[in-house]
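Note that subunit A is present in both complexes that follow, paired respectively with subunit B and with subunit C.
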Partner chain A sequence: MFPTLDILNDLKLVAPEVILVVAMCAAILVPFINRRNVTLPTMVAIIGLGAALIAAIFTTGQQSSSLVFSDMLAIDSFSQFFKIILMLFTLLVVMQWVLTSRDQTHAYDVPDFLCLLLGATVGMSLMASANNLLMILVATEAASLPSFVLAGFRKRTAAGSESSLKYVVFGAAASSVSIYGMSLVYGAVGSLDLAAVAEAGRDMSPMLAVGLMAMLAGFAFKLSAVPLHFWCPDVFEAAPTEVTTFLSVASKGAAICMLTRLLVNFGVTDGSFPALVTGVGILGAVTATWGNLAALQQSNIKRMLAYSSIAHAGYMIMGVSAAAMGGLNDEAIRVVAGAVLFYILVYTFMNLGAFTVAAVIARRTGSENLEDYAGLSSRSPGLAALLVVFMLSLFGMPGLGGFLGKIMIGAAMWQAGSGGVALIAVLVLNTLISFYYYVRPVYFMYLRPDTQGRPAVTIGPAITAMLVLCAVALVATGISRPDMTHVTKEYGRLVRSATFRDATTSTAATTVEAGERLVELP
Partner chain B sequence: MSMLAAQMSQMPPYAVVLFFAFAALTCISAWAVVISQNIVRMAVYLLLTLGGAAGLYFMLEAEFLAAIQLIVYAGGTLILIIFGVMLTSKNPFMQLKAAGWERLVGALVGGLLAILLVFAITASHLHRLPGGTGEVNQVEQIGRGLLSQYLVPFELAAVLLLVVMIAAAYMARKRAR
Partner chain C sequence: MTTMLNLMIFLPLIAGIAVLAMPSREQAKWLTLGTSIVVLIMSLIITAGYISDGASGLAYYNEVTWIQAINVKYATGVDGLSLPLVVLTTALSVLIVLASWNVEKATKAFLALYLFLMTAMLGVFLAMDLFLFYVFFEVSLLPMYFLIGIWGGPRKEYAAIKFFIYTLAGSICLLIVMLGLFFLTPQHTGGEPLWHMIELQNLPIFAEGGAYYGWAKVFFWLTLIAFAVKIPAAPLHTWLPDAHVEAPTPISMILAGVLLKMGGYALMRITYPFFPDAAQAFWHIVAALGVFGIIYGALCAMAQSDWKKLVAYSSVSHMGYVTLGIAVLTTAGFYGAYFQMIAHGITSAMMFFMVGVVYERAHHREINRLGGMWLKWPGYGGWSLVCFFAGMGLPGMCGFIGEIMVLLGTFEAAGAGQVGANAAPTVYTLGILASSGVVLTAGYILWMFQRVYMGQPRPDYDHYEPVNAREYAIMTVLGIACFVFGIMPKLVFNLTEGTFDHLLNVIWPVGQVATAALGG
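Showing the complex of A and B:
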């Protein structure tokens, strides 16, 4: 009755996660050697992330795609490409933390911080692979719970504690709604496998519809989509900058990958979820618009970037909803999944760069207000120029990665028919709105003279190298149109669940069995 | 609704009485949790809600689940809540009062949600899942499931608990000197 497992083979495919768990345990154990040494746990985390990155690269190349651990996880080039981005990004976040604020963290707290960071990364990494509602639930919680504490890591500050508490309460409520939804789905379908749920959606019952809606509310929280976005600006403003950077990219990226997998699974059953898909599209459009409009009024750069991240999540949600509009073939799904991957890749560098600049400026001047960026171009011309690159890429300036990301999202929408055209209109309109607030820091830095004698911000070679790396990555992704888009499209292959695969693979029987079990009550 | 009635007619009469008793216990105490203004009382009502739910699990022949419900929720979690109140609240008999409009909005949202859920559940066909037959060893079945089909979520839950424990220890400890 229970499917046999080929555990050793499956374990190879989840090597990145296993390595991360080992590194996490190691990071919390090294203080037993020397409590005051901060380099040791940091090195452990960096080595662990590096090894996980290499493992992710290897597992991508090894096998094109497969469902492992009785269909719980989907290991395909889509999930593995996201994991490569995630590991690389987390590595850079650790660097950012070392370079900008490690000296503010007490030596005793360093292992805890790294352990939580790695723990959250494990959850996010598995979110991208989750192919079963139970797996989605546990992975999401594994990503969320450490994030709650990371957000309030400076536990002595009132703002930090408040934002952390807000995050916990919102998160707990969203998870419980989501779990209740999953229980309804299970009641209606009799299985938690995504393929079985998609199959059952062919004749949608009210219970399944309500269940899916409640479940999506949990996703919306992770994505900070608009009715559930209240936590985002507060948390992003009050959390330490490296945590904000981490959450703004990794947590949202993982949730968007999860949503893509869900909708692609549903979309292929002959477009049987039109209301759901339209709903997700509208959710994305509202999120993007609301995020942009709210960002217009912000004067704190971290808060502004928080709203900007809400808007970007909205763009990605719109793109994903296009994945499931109409009956899509493999090629079309690859375009959408590739666009999502490309967007996350570019978004990683834009946000990392922008937040790092904000962090070093806040470190030197003690202010995150845009007013205090006045005259930065004469005080620290290099830093100002780099921030311009990041801002313009976030806006979507042609020639930089952000522009190409939007073009690819737009191309994905274009395939989706008239609904997609409406989404493109929303995307273009929002991009125009966002111009104002992305250019505001540029205005302050270049056109507003500094009247208060604010100090110049000097940065060390390591931070310079990191920022230049981000900027170069944005320019490279921006001008390498045929290569990079081709690469992400290649990686945009999602393995689809049992019923849609050919019957030769070992675990295909499970869902069929679930289908036969569906005996209706009188 | 007719589905429920059909189900009821197949049950022995004492089971019907027990079902309604447990259901009433669960619902009435859940309602009492919401309207109560004293946090300790809320906890006690919550205990009754969880106990009622455990009774329903027993009736569904899910004995293991019912036992876990009693041990973990009614036993462990609830005691933690009381401890939490005791350790954090300056005044454990603090009154939690919601404003009038808050009650109105809450009642409205709750009512609408209840209508939606009742409609959704009664209008749909539930799929009969392989339930307890009374003879199968449930613990063995669950144990096998956790180590085969549900291995990854199970292991990930272990990792999750470790991380959460570290997080809680971090939050609770004083600043190190």
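Showing the complex of A and C:
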């Protein structure tokens, strides 16, 4: 009946998460050695993340697809690739924080900050692997709770507290709706396993449909999909920039991976789920369009990037909606999953770059207003040029990674049939709309002269190196050397529950097995 | 040769980065000039090789797998359609670097952007993979945006963003078509999507009666819009006068001389060969757009008091011949349209340069505040006469060949029957209207010439610096080219002949009329 529990082997496969938990505990304990030392906890976090990164790389190669802990977690190349991106990204976020605002953080707060950051990373890492509704809930909460605190980490500012509170209230509401949905799903299916839920979805009962919808609300919150996006701009504006960077990429990336896994489980059944495909597709289309239209009106760069991140989440949601089409083969799934991985990869670099530039400029000039970017090209030509690269990649300029990301998403959408063509049209139109606001910083920096004698922004070698790394990564993915679209497609393999595979491949076999089991019982 | 081809595309890019690192302006200028001369020489070597190899179609083709997941290759090569435009680009580039010698504001950035633009332009003409073409096509917008937006005139921001948004909207149409091809061509190949621009010609699935003829019609219109913006065909031309008026002289030259040609080139490379049956179905609408452009552009030009705007509208009018020549689907029309692009590349670049020479000294372009330029600088006046008359289409000069062949091709369409059996009345109407454009052209050019060049020089000319040797060199080269191509159009036709025979066979599979008389 129950899959055998090989705890040691399973633990090996979740090594990245285990390492992060150890590092998290270590980070909170080191102050007992020396309370004023900020280097020690930082080193602990960096070493922990580095080790987790290596572990993620190793687990990818070792056993590329396994279900561990009674099918609670799926460890496959899809989840592990995301974890590699996540660890790398979190590592870069820690760097960003060290370089731009660690000195503004009180020494006593440093371990707390790192502990929360690592805790959220554990949660997000689990989200990518969650294969059971219970695990989805636990992982989402593990990612959310530290995020709420991180968003309000500027304790002494009113905006920080406000944004944190908003985030908590919204998050709590979304979680409770989601849990309620899961309880309905459990009532209808009698199992929390994703594959079992998908299997039961073949003859969708009203209760199951309502349950799934309520559950998706929880996903939508993490993805900041419209209409559950209201927290996003406020939180992103008020939170410290490194937290904003972290949330904008990692939290959304993890949620989109979770959504992909859910939909893929539906997609491989023979039944088709037009309502699910249409529903998720429309959710994505509305999110992208709303995000872009709202971004048009922003004058604060962080708010603008917040709405831009909503739009990008919308693109990804539109792309994965195709995964729920019935009867997809492995190749088709790899196209969708690969597109998601590639998009997250590219999005990591462009958002990290854009937010870092915004942070260093805000730090020097004290302003996040686009008006204050006037004449930046003559004050700080290098920084301005780098921001141009990031903005154009976010827009999707050919030759930069963002463009190929959109192409891959478009290729994924095509799998969704005629609805997919409509989604492609939405994607293309949105790209056109987004041009206007992505080019505005460029316009201010290059075409508007600086009349108020704003100061030049100088950046240290470490930040320069990080920004150049991001820009080079975007150019490299953009000209496809190395061919990352191919790599991500290869990694886009998802493992599905064993019970489920039995059920679909041959119903006869299952029956026989069940019969045997019956015999065995005394 | 293939190495040289690819080096030619990327040498300007490398030089552009090097220019930014140069310690002084002077060195940066010389490096840019050197690079453009080297690129010109390379393009001439490739042309010589193309001729001596006796190549007629696609030559020096090479490909490398680029994006495996969607079967995109980095593929470049030359054929008769691209080669003359490549030489036009590289030759104009040298002259334009010379014309930018006096740029004072952020010279290094200007030259670097110009070199990046050069890479994009050459890439557009040499790419043989549709995806690669798109990348270069889109990337070419970016340097142009900055070149207009930073070094332009008083309303530069407006003009730059308008230019960008118009062309971007066009490229998005092309992107939709590319996605469509990505999804539909596997039906033809039975697996991988197809991006090779020669193999994509006239696929059976897009032919009349094919599985996706309906899509072919949609794609035809989308690509047409994408490239009509660039040509520009009226009514999608409104970005052009703004962009030209605000752009600095050298940028106007490259914009009119090469960037507009990308539109015509892409029509001949993509829109028509990919979807010939759809093109035949809608020929009269496209032809009418061309005729409308000719007349509307000429009438607008006549109404301008801003000299540069007049020249800008003359571009709209002249490029209307290109649209018309392609739309009528006749041999003469195609040859004429292609020649018109080369001729317009020479004359319009020269016209903008002539305007620039005066503007640099007078700091205004009001036609009514000028006059007597001939007596002031007789040499300059003489070359201006050559340039504007060549633009007007005086026999013996390059503008004539293109216009007359397009008009002949238009009337030929009535007999050839490719555009429908009952097309004769439509064809004659369009032909007569287009011919009247020639008269209008003569009207606005002669009237402008009279106001700017005739009469006595004004007293405020006294402090103007004389036209210097560098400027005379530029106008001499372009002026001689006006004559050379007017007298020996075979220089172009010899290169294009083989490719055009193949192309016309694709677009027009039956009833092919011998092209010997035209091509030489």
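In the analysis below, the second predicted complex is superposed on the first by the 489 of 522 C-alpha atoms of A that agree within 3 Å, B and C clash if a C-alpha of one lies under 4 Å from a C-alpha of the other, contacts with A are read in each partner's own complex, and residues count from 1 in each chain.
The working rule: a residue touches a chain if its C-beta (ideal position, glycine included) is under 8 Å from a C-beta of that chain, and two chains touch if they have at least 3 such contacts.
Owing to the predicted nature of the structure, the values given are computational and were not obtained by experimental measurement.
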Touched partner set for A:T431, first subunit B, second subunit C, both or neither: second
Contacts of A:Y443 with subunit B and subunit C, given as first, second, both or neither: second
Dominant contact partner of subunit A by residue count, subunit C or subunit B: B
First (subunit B), second (subunit C), both or neither touched by A:L145: first
Partner chain(s) touched by A:L404 [first = subunit B, second = subunit C, both, neither]: second
Which of subunit B and subunit C A:L296 touches, first, second, both or neither: neither
Contacts of A:A159 with subunit B and subunit C, given as first, second, both or neither: neither
Residue ranges of subunit B in contact with subunit A within the complex: 3, 6-7, 116-117, 119-121, 123-130, 144-145, 148-153, 156-157, 159-160, 162-164, 166-167, 169-171, 175-176
In the complex, subunit C residues that touch subunit A: 65-70, 72, 134-135, 138-139, 142, 146, 149-150, 156-157, 160-161, 164-165, 168-169, 172, 175-176, 179, 182-183
Subunit A residues within the subunit B interface of the complex: 2-5, 7, 14, 21, 24-25, 28, 69-70, 72-73, 106, 108-109, 112, 115-116, 119-120, 122-123, 126, 132, 134-135, 137-139, 141-142, 145-146, 148-149, 152, 155-156, 184, 187-190, 205-211, 517-522
Residues of subunit A defined as touching subunit C within the complex: 338, 392, 397-399, 404, 407-408, 410-411, 414, 424-425, 428, 431-432, 435-436, 439, 443, 446-448, 480, 483, 485-486, 489
